[in-house]
Amino acid sequence: MKISARNSLKGKVEEVKEGVVTATIKMKIETPGEITATITKEAVEDLGLKVGDEVMAIIKSSEVMIAKK
Amino acid sequence: MKISARNSLKGKVEEVKEGVVTATIKMKIETPGEITATITKEAVEDLGLKVGDEVMAIIKSSEVMIAKK
Amino acid sequence: MKISARNSLKGKVEEVKEGVVTATIKMKIETPGEITATITKEAVEDLGLKVGDEVMAIIKSSEVMIAKK
Amino acid sequence: MKISARNSLKGKVEEVKEGVVTATIKMKIETPGEITATITKEAVEDLGLKVGDEVMAIIKSSEVMIAKK
Amino acid sequence: MKISARNSLKGKVEEVKEGVVTATIKMKIETPGEITATITKEAVEDLGLKVGDEVMAIIKSSEVMIAKK
Amino acid sequence: MKISARNSLKGKVEEVKEGVVTATIKMKIETPGEITATITKEAVEDLGLKVGDEVMAIIKSSEVMIAKK
């Protein structure tokens, strides 16, 4: 099964914190990988993004899914 | 400025591909970090998630933002 | 009132589970409809997506809204 | 491989429309399934959601992923 | 028709920029309203959020839908 | 630090409601600003969106982040 989502980062679960209907999972990324971001062209120009720039990928925790074999 | 988003991964831009209104950025994560995911408690039980499990964080590229100093 | 969101699936509420600030709703889709997905062109090529392919639409529950008349 | 995302709807690709960096996929859902939505408890109260209600699941196309075997 | 989404800001379209499959809409908010954000409790503590704080609501443009009568 | 997210609305926290792992923040927007939405071109045509149209920006609360200095 292949998924269209471009980002999959391998790691180990460090913490499971359960609420009533939701839960937060903390995992440690073990091997540094590649991240793909789809943003507006306007943002690319506004930030002056170009190859070699030092940047941060910012991701809201509600947008992260967990997959397990 | 501090942001509520729990995930920020540091890296270097490898590719900038511009469309008409959107663009995709590929970046290489340099230092493995920690990822926080907010999922349903039902998913935690369904996957049997517990500390030490080998998992994958799956993230759609449209959910990734880029920040630059 | 028309909304830009491309997907609206009609159904009946089967379960309402309330937490402290969030809740999960389970609904049964009654009539099979059409789903539109916006993904990267790279994913289309990677999965070799073409008309007629048997696929799955995967959606995180935090991305689903509920509308009621 | 099991994923935390609660919603997976099976169907057949009807249209693939490619842009420069993104693409839209239209698929026909073949078998009506169940949808899980995580919303605020405030919304549950505001809409008066209860078992048996006729509702619509509304999903932005940028939140839909495609998986293929 | 009532929707579970907590945020609806009224305004006027200022710009429509079309790509091949996606488009960006710029609108001017006319009347200041209220914004609801669902974040992790950890973020509330990390930012020390309390009533009266001057803050910013940050929203990725791919998460904004447009509705029209 | 500049972020690719196109929308940042300034305001004051009015309410903080904590659950077990998530929380909802209500803030009052003080100065009306501009909103950018990325939607499908199909939606632009379906809604007949053009400059000057009175519209609503609809945003799910789980998509809103909070930033504080």
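Should a chain be cited, it is by its letter among A, B, C, D, E and F, assigned in written order, with residues numbered from 1 in that chain.
Keep in mind that, in the parts below, a contact is a pair of C-beta atoms (placed from the backbone, for glycine too) under 8 Å apart; a residue touches a chain by one contact, two chains touch by 3 or more.
These numbers were taken from a predicted model, which means no experiment stands behind them.
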Interface sides of chain C and chain E: same vs different residues, half threshold: same
Contact-richer chain pair [D-E vs B-C]: D-E
Recurring contact interface, reference D-F, options B-D, A-D or B-C [over half identical by residue number]: B-C
Computed distance of Cα centres, chain F from chain A, in Å: 21
Whole-Å separation of chain centres (CA-atom averages), chain C against chain D: 1
Residue list for chain F, restricted to those that touch at least two other chains: 2-6, 18-24, 36-40, 42-44, 47, 58, 60-63, 65-69
Category of the chain touch graph - line, ring, star, complete, other: complete
Residues on chain D engaged by chain A in the complex (per definition of touch): 1-5, 21-22, 38, 65-69
Residues on chain F engaged by chain D in the complex (per definition of touch): 24, 38-40, 42, 60-62
Chain B residues touching chain D - in the complex, by the definition given at the top: 17-20, 22-24, 37, 39-40, 42-44, 46-47, 58, 60, 62
Residues on chain A engaged by chain B in the complex (per definition of touch): 3-16, 18-44, 47-69
